[in-house]
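Some structures are shown below for you to check.
Look for chain A in each of the two complexes below; its partner is chain B in the first and chain C in the second.
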Partner chain A sequence: MTDTRSRRLVSRPYLTYALQRVVQAAVVVLLAYCFTFLVISVLPGDPVSNTLRNPENNFTEDEIARIIGYYGLDQPIHVQLWESLTRFLRLDLGVSLRSNLPVSRAISEVIGSTVVLALSALVVAVVLAFGVAYGVRNLPTPLARPLRALPSLFLSVPNFVIGLLLINVFAFQLGLFFVTDSEGGTATFFAAVALGIPVSAQIAEVLIANLDHESRQEYASFATSRGLSRSRLFWRHLLKPSSLPVVTVIALTVGELLGGALITETIFGRTGIGSLVQRAVTTQDLPVLQAVVVLAAVTFVVVNLVVDLVYPLLDPRVDLRGATKRVRPVTEAVPA
Partner chain B sequence: MAPQDRLNALSEGGTATLEVPPATEAGAPPVLVSVRDLCVSYGGHQVVSDVSFDLPRGHRLALIGESGSGKSTIARSLLRLLPAGVGKARGTIEVQGQDVLTLPERHFRPLRGRTIGFVPQDPASSLNPVRTIGSQAREASALLPGDLSKAQRHQAVVEVLQRVGLDDPERVLASYPHQLSGGMLQRVLIGFAVLPEPALLVADEPTSALDVTIQKRILDLLDELRDSLDISLLLITHDLAIAAERADSVVVLKDGRVQEAGPTARVSSAPTSDYAKRLHADVPALNPDRYADLRDVGAARRARASDEGPKIAVRGVSKTFTVDRSRLTAVDDLSFEVPAGTTHAIVGESGSGKTTTIRLLLGLETPDAGSIEVAGERVDGRTHGELRSLRRHLQFVYQNPFTSLDPTWKVERLVREPLDRFRIGTKDERRAAVREALDAVGLDQTLLARRPDALSGGQRQRVAIARALVLKPDVIVLDEPTSALDVSVQADIVQVLLTLQAELGLTYVFVSHDLALVRQLAHTVTVVRRGRVVEEGTVAQIFDAPREDYTRTLLDSIPDAHHGRTS
Partner chain C sequence: MTTITTEAPQAPGGWKPSALRRGGGSRRVPPVGVLLSFTMLLLVVGWSLAPGLFTGQDPARGVPAEAFQGPSLAHLFGTDHLGRDEFARVVHGSASSVTSALVAVAIGVVVGGLVGLVAGFIGSWVDVVLSRVVDVLLAIPSFLLAVVVVSALGFETINAAIATGVSAVAVFARVMRSEVLKTRRAVFVEASLLLGGSRWHVLVRHVLPNASRSVLNLAVLQFGLSILVIAGLAFLGYGDPPPASDWGLLVSSGKDYPLAPWLVYAPAVVTIATVLSANRISRWLRKTD
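After this line comes the complex of A and B, so read on.
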């Protein structure tokens, strides 16, 4: 009991909890894979006749037989699912029907660009959100009040509109970057801004609401009464308890970042998962589509897993032994 | 300020009802705090009007009032902690000759902590929940004067924590607030407040969230610090008994206006204003026999019914819960009997097993051993359906009327619900029963269409009692039914309960931590501690001739007006 912090980190309840969450995450990913497989299987349109026998694709009968054999398309559906699942567990995502190349290669060629975009957007969103929240709490009222309305404005403008505006102003009018050089640093920055702005709004709204709430708590009054300055109160007392829930919000925005990335890539003419999906949809390239859906699921699950694992370490109040079994507080001995 | 100036200031600014503490004779201590014509409004609504008082150095002044009296608002004005932009204060508040209200924040901030210390009301929410107490203590020690090294500051913190009665300061410093009990946290808060040795300590209900024995020790601590550190105390309280015991002078407030002010001895023994008189009459600790006549109707009935056998018989009941694979005995071999038409009080502090006892009585938990009989019927070992029939005889009034009534329902439906659930009577009969129950608790029929939001705390608790009465039960379990209410409202509710008992012959099980209140209304008492019975007997036996040390400790914690005058 002398050092509560180190005791918490290695505590048995935490390890049990972590193991549970990892197993749950693995189950979710497998279920997501099966679900995607089944949904794609029941979709109308037979990939064999649509793609393989399409005269444009010029497959020979031998090649068609080989592909059908590889995917087991002549097998009953549960056998196909089992085959597909075992390939997935060996990290074999199959072969693209369009390019005849392994799907993993198609994805690894473009994923870097998307990851850079999404991560930069997340950084932009977090910085922007904390900046807005800081301003709302610390600037004089005439400036803070309009700032308060900013997140709702950000939230109500779709990111493709923001993207088009940014391109118009910064590329065409100011010439800060060229639309043709879509992978350059400046272009990436503006793409990240377009993607990050709506995400920042969600974070900022939660952060501002939490700061307002925490500043009304008794401990804020008590700290002020001890002579702490306003800025010290903000940095040392209000910020941490207000930011903790933001970690959860960030996990929830991953979906938005992924979906938004596909749109932003299209607007800024970037190659990435967005362009890959777009081609796969138009050509009914099912292995690629399935791989991207599973990739999204894995990303979502992993990010949420990380948040779940990190949160108990950040917030000392989280009790992993379950809400109904509270630790009894140390009580003062009453002399009898 | 010279005495003559102070007199002048008084004759100009003092209000008619104000009596200044006797600080005018030669050699009297100088005035530390001087409040003149203070008016505070929240968003245009005035909550404090023309309040004036003086606090001489070294004195203890209590501001007394019920909810809405403006006592906390006055304290927050003095500390400049009114909500920014909403709260507006006019008048003057001088602390050591400086006007707190007009001083720029730049000049006021050095006074915070160093001159004016603050002990807040609820220790559980007054420290940052996600930082250790040690890190917040380092921050508090930054206020210490002089050029101290890190080690010296740490030493000062450790010393102050020892001084406020925390035996293991290092362990406390390594803990997070939620890992300590309320009493320990309140000691930490007091420690932080007195660390820079302020001239004035403002304590806003410093004990209202604590158990009674802890309350006494915290108040003792404040007294001790005042003497040893020469700190003046401004005590905000709703409890006249505490003020009578702990303050040199009092200011009685109602609706933001001073009703009466003066030396404690005079105000608490011979109040002159109507409000102070009524408040004095309503405080249980000062009037142990107020309801003796009403209560004795039940006692007379008890004498008559003594051969019938007890209404409630609890025999050897135990209940153990498993927490973190370790066993926690919440109730251990509990036995008591309640004769029909009487009130039995179960008295204990937090963790004494009171709540589990209530749940066992109501059949919400099954005892591991022992038996519970109500009106000759076993409560334990029943199925859910069988319990329903029992509940017609056995009703419950919950502690907090602000959370126990569905806010979307109207009074009529709230009170009628038990009748609907048990399908009793026709529609007209149910309507009549609801009106009868409201009459019994003294609520007007016009309130039938109101929702709980539009009722006062006392009205809400009356609705809750009416809801329990409507099934015509013979036993009502009352879980601290007045602890969320003001003292004058508490007196109303006690009156209602005792009148009902005298008229209807109800049997009450009254669970409480408030011994003064128990003494007013109960016939028999069981004192419990950590799930075990410490002592049981009639009210006279327990209060006049306690046999156990723990009972004596509890009795000592009842504020005693005579204590304050001798010190």
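After this line comes the complex of A and C, so read on.
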């Protein structure tokens, strides 16, 4: 007695689809590594003389020779790429040119702060997006109309401006938190708001578009004609089919969160991946830069892979039999 | 009794034959918001082309005695710590901010458009390879990608523009590819081929005109986004150094003087208004499609 759900889990179309997506994801990560490597190798200036021979770093000639040999910096570019790629496949991210410590350690020291920030920002974004969408559907028109324009405004404000505004109002004027205590709870909350607002706009736009679409369906008019109130209709009927595709959008915003963290961390004076990247850029610490980009790509690919794999199980309407490449419902307000 | 559907049946895929599209465009007057948006963009483009027409002040000359003056008729956006007119700095800074965004969009349209066109039109293994490349570009967070590219090219505003363009290539490629695929399957394209039209003829006469609308739309949207990305890069100091007055850089240097908030708000509001206008126009173009 296998129930239908478990039979569907192992169904042939799903397995084919899953396998295809996993292979695709792996290829994308490897290509992303190569791409970053090639872009970074175009860097003007010689990282060896710039960084290793900088008297501040205190490298002995032996250490310099060891690092040059390790990275194969005296080799032609395709050999370097191959060496670097095989190291990456052994999960070795290399050694920082600045601190002479393993890159993985430099990253693991700061990643916690960024993860906390990004996850809180995601929560803020989702809550805000659903709040706006609820208001747009349920408030009286004079209130709902300006609310409809809100996502567009959120998308148009540079996130450093939001950050500066929040700091100015809540730290300097209201004294709710101190900029010096950048990792504290309140400071983290406001940093998350600054990072989350632009992200919330994307989620809200799709959510509102889906809600509008669902409300034009026959079942919605039928429910209304049966006498269901607006908010009842929203909670009971519209919300579920409208928010499923939002899962895919949320997965796509991972990149925004990681990219935006660069600026938000700078403004709020947090020590995280963002400040690591900034330091790596100014000191031309290529292995760190390479590692962060790959880490971001891996995060993006894995999150989207998981969503793509889980989605057909969440939404039985998705038919995999005819699917060749990618099963993706309408997740964009922009017809792309 | 039998007809419950009120919506008119739509052509699958939403395409229209190119001939219909050209003649049947709506000639309605755009709404006020859209007109305002066009005015704003025209103003900003005017600032960047001929800054001298809009401000008589020299953006680089400071009058120390007039430092930190609030907004007034003499100085619309106030003055900064050296007594330089902030309005003049914003107006003169728009040349590099707006031009950079245009360069970025141009790179996105040309490179991304070509990639999408080739992938969609040739298909087969070319499509598979190019789609994976686009996936790679999409997988790297666009701002991070822009930072890496600009650090590879050197900290200059033009490089920031190129970096922003590179990070926009993937989006354009994806839209172009899907438009091309959509049109290629259309019946009128099949008819054109059956009538003896060459692939080149189909490409120029049918595929490109049909795709151009979506791409134009995206280009306007991307113009706004590029302004944000370039402002972000300038804010972090990856653009031209301080004598320049890119909007992002103005905000960045203004934030050090919390007692002169106009130094942050003036360039910020100009940036927001510009991006908002681009978004509004893009939305309107989509609707009138």
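Here is the rule we use: the second predicted complex is superposed on the first by the 306 of 336 C-alpha atoms of A that agree within 3 Å, B and C clash if a C-alpha of one lies under 4 Å from a C-alpha of the other, contacts with A are read in each partner's own complex, and residues count from 1 in each chain.
Note that a residue touches a chain if its C-beta (ideal position, glycine included) is under 8 Å from a C-beta of that chain, and two chains touch if they have at least 3 such contacts.
All of these numbers come straight from a predicted model, not from anything done at the bench.
*Asks:* Check whether A:Gln24 is in contact with chain B, with chain C, with both or with neither, and answer first, second, both or neither.
*Replies:* second
*Asks:* Is the number of chain A residues in contact higher for chain B or for chain C?
*Replies:* C
*Asks:* Just chain B (first), just chain C (second), both, or neither: which does A:Lys240 touch?
*Replies:* A:Lys240: touches chain B, not chain C.
*Asks:* Is A:Gly227 touching the first partner chain B, the second partner chain C, both, or neither of them?
*Replies:* first
*Asks:* State whether A:Arg317 touches chain B only (first), chain C only (second), both chains, or neither.
*Replies:* A:Arg317: touches chain B, not chain C.
*Asks:* For A:Gln278, select first, second, both or neither according to whether it touches chain B, chain C, the two together, or no partner.
*Replies:* Only chain C is touched by A:Gln278; chain B is not.
*Asks:* Is A:Ile263 touching anything from chain B or chain C once the two structures are fitted on A? First, second, both or neither.
*Replies:* second
*Asks:* Of the two partner chains, chain B (first) and chain C (second), which one does A:Glu218 touch, if any: first, second, both, or neither?
*Replies:* both
*Asks:* Quick check for you: in the superposed arrangement, does A:Ala209 touch first (chain B), second (chain C), both or neither?
*Replies:* Neither partner.
*Asks:* What is the contact status of A:Phe160 with respect to chain B (first) and chain C (second): first, second, both, or neither?
*Replies:* second
*Asks:* Which residues would you name on chain A as touching chain B in one complex and chain C in the other?
*Replies:* Residues 218, 334-336 of chain A touch both chain B and chain C.
*Asks:* Quick check: in the complex, which residue numbers of chain B touch chain A?
*Replies:* 76, 79, 81, 83, 85, 109-114, 116-118, 120-122, 125-132, 139-140, 143, 170-171, 174-176, 178-181, 183-184, 189, 192-193, 213-214, 323-324, 328, 349-351, 529, 548-550, 553
*Asks:* Taking the complex as given, what residues does chain C use to touch chain A?
*Replies:* Those residues of chain C that touch chain A are 4, 14, 132-133, 135-145, 147-149, 151-154, 171, 174-175, 178, 214, 218, 221, 224, 228, 231-232, 235-236, 238, 248, 251-252, 255, 258, 261, 264, 268, 271-272, 275-276, 279-280, 283, 286.
*Asks:* In their complex, what parts of chain A are in touch with chain C?
*Replies:* 24, 27-29, 31-32, 35-36, 39-40, 42-44, 152-153, 155-161, 164, 168, 172, 218, 254-256, 258-260, 262-263, 266, 277-278, 281, 284, 289, 292-293, 296-297, 300-301, 334-336
*Asks:* Which of the residues in chain A come into contact with chain B in the complex?
*Replies:* That would be residues 1-5, 141, 216-219, 221-229, 236-237, 240-241, 244, 315-317, 321, 325, 327-332, 334-336 of chain A.
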